[in-house]
Amino acid sequence: MTTARLADVEFVVRSIARTCLANEKEFGELDAVVGDGDFGYSLARGFEIVDSGWDSFDRTDIGTFLQKIAVTITSRIGGTSGPIWGTAFLRAAAQVKGQTTLSGDDVVRMLRAAIEGIKQRGASDVGDKTLLDALVPTTDAIEAAIAAGAPAAGAPAADVLARAAAVAREAADATTTMQARRGRAAYTGERSIGSPDAGAVAVAVITERLAAEWATRAPAPA
Amino acid sequence: MTTARLADVEFVVRSIARTCLANEKEFGELDAVVGDGDFGYSLARGFEIVDSGWDSFDRTDIGTFLQKIAVTITSRIGGTSGPIWGTAFLRAAAQVKGQTTLSGDDVVRMLRAAIEGIKQRGASDVGDKTLLDALVPTTDAIEAAIAAGAPAAGAPAADVLARAAAVAREAADATTTMQARRGRAAYTGERSIGSPDAGAVAVAVITERLAAEWATRAPAPA
Amino acid sequence: MKKFVNEPKQFVPEMLQGIALANPDTLTYVPEFNLIMRKDAPREDKVSIVQGSGSGHEPAHVLTVGRGMLDGACPGDVFSAPPMDYVYETAKRLASPKGVLLLVNNYTGDRMAFEMASELAEAEGLAVRTLFIDDDVSVQDSTYTVGRRGVAGNFFVMKAVGAAAEEGADLDELVRVGEKVNSVTRTMGLALTPCTPPAKGSPLFELGEDEIEIGVGIHGEPGRRRGKLASADELLAEILEPVVADLPFSSGDRVALMINGLGGTPISELYLLYGRAHQQLADRGITVGRSYVGEYCTSLDMAGASVTLVRLDDEIERLLAAPAEIGVRIF
Amino acid sequence: MKKFVNEPKQFVPEMLQGIALANPDTLTYVPEFNLIMRKDAPREDKVSIVQGSGSGHEPAHVLTVGRGMLDGACPGDVFSAPPMDYVYETAKRLASPKGVLLLVNNYTGDRMAFEMASELAEAEGLAVRTLFIDDDVSVQDSTYTVGRRGVAGNFFVMKAVGAAAEEGADLDELVRVGEKVNSVTRTMGLALTPCTPPAKGSPLFELGEDEIEIGVGIHGEPGRRRGKLASADELLAEILEPVVADLPFSSGDRVALMINGLGGTPISELYLLYGRAHQQLADRGITVGRSYVGEYCTSLDMAGASVTLVRLDDEIERLLAAPAEIGVRIF
C-alpha cells in the first residue's frame, strides 16, 4: 500500500491555507447570515501567516511540521475558529509524532483525533450545526474507502478524495435544515434554519479543492 | 374712505398664524434645500402660542395688540426668524400706538417700518435672497394700489390684496435664480441658486391666504 | 426616521429632562427656558459663563455645564438659535456681581438673539459681555455671510474662559482670554452621511453612496464642495490641510488636536483618525501637546468628523489642563 | 460602506495606534498582541485586571484601561475573540505577585481563548483567575448556547473589581466582588439599524425601514424577535421590562441605571431615553442611585441602545463611586 509523505502533507496544508485565503469573503458572508461575519476574516488572517511563512516551519517529521502549523493557527486566528482549528491540528499532529510517512489508517486516526479535539474544545457534537456535521461524515467516508482497499496516496487516493468531497458537500448542504446549537448562530434559535453552517461549508470547499488538485500536486516519489 | 379696525387686524394676524401652522412641513422643507430645515418648525412654535393664547392678548388698541403679538413671537420663535419676525411686528406696532382704526396710509407705514426693522436686524437688503425680496415688492404693490384709490378695508380691499398676492408670488418665485447672501443659505454660495427662498415663499403663501379669505372674515361694522 | 423620539416637539425638553435626572446633585433645569444651569450658580466671586445655540449638537452645550466650564446653557430647538427670551431670562438668573459672559457661535440667528437679549439685560443694569466664536475655516468667502461659523473649536474657548472664571478673572480678562483662544483655533469638518432632524423626519440633505461633503456645517450646511469617498488618510488630509494652512500652523508649533465625531461615527474610527492626524502633524514638525478624541459638537446622527487645532502657549495650556467637571461623564 | 478606514485589516491596529498616541503618559501599546496596558502595570501591590473580547465595542475594552479599571486589554479583530496567544502574552506581561484576573464576556470563542491561555499561564506558575460576565437577558433559552452573553453590564464588573484591586483586594476577594456584581446586573439592547464591519464592507444583517431587532447582541446577533419601530417610550419599555422582570428588580430597590449607545445613536437620544427610564423606574418604586448615559459597549456604527440595571448595596455603590481614570475622556 502506498503511503503519504511530508510532501503530501505539505500539499494538503498549503491547499487548506490557500482555499481559506481565496474564500475569505464567501466564508465571511456565510457567517454573517446568522453569525457575526468574521469567520472568513479570522481564518484568512491565520492561514496567510501559514502561507507567507511557509518555508520557516520545522519539517523534521510530519508530526513536528503539523504541530508548528497548529501553533501558528492557534496564535493567529481569533474568534471561535482559532481554538477549534488550532486544537484540531494539534491533536492530529500528536497522533503522528516523529513519523515521516503516513498510512491510510494514520490519516483516519488523525481525523478522528481532530474531531475529538473539536468536540471537547467546543462542548459540541454532531447535530449542533457546526463544521463537525461535515467533518464527521467526510471522515467516515474516507475510512470506508480506505477500508475498501484504496491506498492513502497515489492515483487511487484521488478516488478517496473525490468520494470524500461529494460526501462533504452533501453534508454541508444538509446543515441548512438544522438548527444551530453552538456558536453565535445558536442565539438565533429557529432563525438559524434555512442557511448552511459556515464552518461545514468551509470543510466541503476545502475537501473539494483537495480532490480537484490532488492529481496536480508535486508527485511523491514512488 | 373705509378704515380698518381691530377686527380686521385680528383677522390678518390670526390668518398669518394659521397659515404658518398649516404650512409647517412645507416651509421646513423649503428651508432644508439650502438651509437647515427649521424655518417651518420655528414659526409654528411661535404662532401656535399666538393661536392658542388668542383671547389673552391685550386689545386696548391696535398698537398694543400688535405689540403683545410681537413679544410673544420674539420670545417663542428661535432661529433667525424669531428676531426677524419679532422685530417686524414690533416696529409695525410702534407706528400705530394708541390707534383703534387704520387708514390705508397707516398700513403702508407699518409695512415700511417692518421692512426697515428687518433690514437693520438682519444687516440685509433687497437682493440678498430673503423674505425682503417678497415683502418689499408686495408693499410697493399695496402702496400703489392704495394710492390709486382703493380703500384699506371693505370689499375693494380684496382687490388690493389680490394684486398683492400676485406680486408676492411672482417675487417669491423670482428668488429662485438669486444667490443667497444672508442666513444659513449664504454658506452654500452658488448652490443656493435654483430654489426659492423659504422666507420669501412664506410671505407669498400668507398674502395669498389673506387675499383668499378676506371676503369671509367677520365683516367690520360699516 | 430611525430614532428614539416620542413627539418631535418634545424632543429637546425630554432630552433636557433626562440630563437633569441624570445629574440631580449638580444641575438645575428650568423648563420654561430650556435652561440647564449649575446648582451653585450664580456665584458672587465668579463671572457666569453662558452659551446658547441650537440643540442637536450635544454634548454642546447643555452637557458642558459644570465646574470649570459653563454656568448655564439655554439651547433653542434642534438647529434653531434660542428665542431671545431664553437668553435674557438665563442672563438674569445667572447674574453675578462680577457679570455674565455670553458665548455665541457665529450664526445670524444666534447673534441676533444674544444681541437683543444683552441689550435688554444691560438696560436693566447687568454687566454683560458677548464673545463670538468662529473657528470653522470651511467658509472662505465671507463677503455675503456673517463670517465664519462657530463649530467644535468652541469647546476650547469654553474650557479656557471657564477655567479663568473659576480662578476669579473679571469680565474684561475673560473676553481677552476667550478672544485669544478663538484667534488661534481652527476647525474643519466632513460629512459621510446627512443628519435627520426629528421634526423633519427625513435626511436634511442627500449624499450619494460614494459622496461626502467637505467642510460641512454642524447644521448640515454645505461646505466647500462635494467629494468622493476615499481612504481615511485621504479624507483626513481633505480637512487637516485647510486647517493647518489657515492660521497657519507651522513647524515648531505646539497644539491641541481634537478629532470630533459628528454623531454617527463610532469612536473606533475617531481614534483611527486621531492617530493618523497626530502622525501627519508630526511629519510637519507640529507637536501635539493635548489630545481630544470623541464627541464634542455633533450634528445629530450625522456620520463624519471634524479636526480642530489650537496653537498652545503656556497660558492656554494651563487653562485647558485645569480641572473641570461636566454633565457628560463616564463614571 | 461610509467609514473612516484605510486597509480594513489595519483597522484595529490603526485604532490602537491612535489610542496610544492620544495617551502617551498613561498607556503602553504592544502591537504584536493588540495590547493596550497601563504604563505603571504590573504593580507588586495589586492584582492585574485584564479583559479581551473582540474589537468594535469601543470604549470596551481598550479605552477602559487605566487607574481604577483595567490594567490591560488585548482585543481580537472586529467582533473576533482574541487569539489565545494575545491573552497568554498579556497575562505574562501583567503578571503581578498578587495575580491576574481575566474578565471574559461569555461567548464561545472568548471562553476558549481565555481558558486555553490561562491553562498555559498557570502551567508556568502564574496565579490566574477567570471571571465570566453574562448580563444579557435577551437570550432566554440557553440550552443550546454557552448561556447568556456578556454585554454593556461588563462595565460595572470592571469598575467594581478595578476599584477593589486598587484598594489591595486579593484574587479570591476580586472574584467574589466580580461575581456578586455580575449576579445583580442585567442588560437588554435594541437595534434600530445593523452595523457594518470594515472587513465585510456591508451591513451585517438587514432591517426594514420600520423594523427593529429587540434583544440584539453586540455582534449583531439576533435577539428575541423583530419588532416594529415605535415611540421612544414604547421602544424603551420593550427592553426595560425584560430587564426589570429578570432579576427581578422590585419596589424599594436602589439601582445603577445605564443607557448605553450602540455606536450610531447620538447622546441627545440617549439622554431622552435615560429620562424616560428613570421615570418608569420611579413609577415602580425603584430608585436610581447612580446614572450612566453614553457609549460604554458599542457595536461599531449600529444605531440603538441598551438598558442596564445593577442592584446596589453599600459595597457595590462604594466601589462604583471610587475614582477612576481611563483612556476615553473629555478633557
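We just call them A, B, C and D in the order they show up, numbering each chain from 1.
Quick note on the criterion: contacts are C-beta pairs under 8 Å (C-beta built on N, C-alpha and C of every residue); 3 or more make two chains touch, one makes a residue touch a chain.
The shown structure was predicted, so the numbers you read here are calculated from the model rather than taken from an experiment.
J.: Please check whether dropping chain C from consideration leaves the other chains as one piece, and if not, give the groups.
T.: A, D | B
J.: Hey, how far apart are chain A and chain B in touch steps, shortest way?
T.: Step count on the best path from chain A to chain B: 3.
J.: Centroid of chain A to centroid of chain C, CA atoms only: how many Å?
T.: Taking the mean C-alpha position of each chain, the two centres sit 55 Å apart.
J.: Centroid of chain B to centroid of chain C, CA atoms only: how many Å?
T.: One centre to the other, that is 33 Å.
J.: What pairs of chains are touching here?
T.: Listed in label order, the chain pairs in contact are A-D, B-C, C-D.
J.: Flag every residue of chain B that touches chain C in the complex, lowest number first.
T.: Checking each residue of chain B against chain C gives 28-29, 32, 34-38, 41-42, 45-46, 74-84, 86, 121-123, 128, 179-184, 186-189, 191.
J.: Could you pull out which chain D residues touch chain C in their complex?
T.: Contact set of chain D toward chain C: 2-6, 11, 14-23, 55-56, 58-59, 63, 159, 192-193, 209, 212, 229, 231-233, 235-236, 263-276, 278-279, 288, 291-295, 298, 300-301, 303, 305, 320, 323-324, 326, 328-331.
J.: Sort out for me which residues of chain C touch chain B in the complex.
T.: Answer in residue numbers: 9, 54, 76-86, 107-109, 112-113, 116, 139, 141, 144-146, 149, 197, 199-200, 204-205, 217, 219-223.
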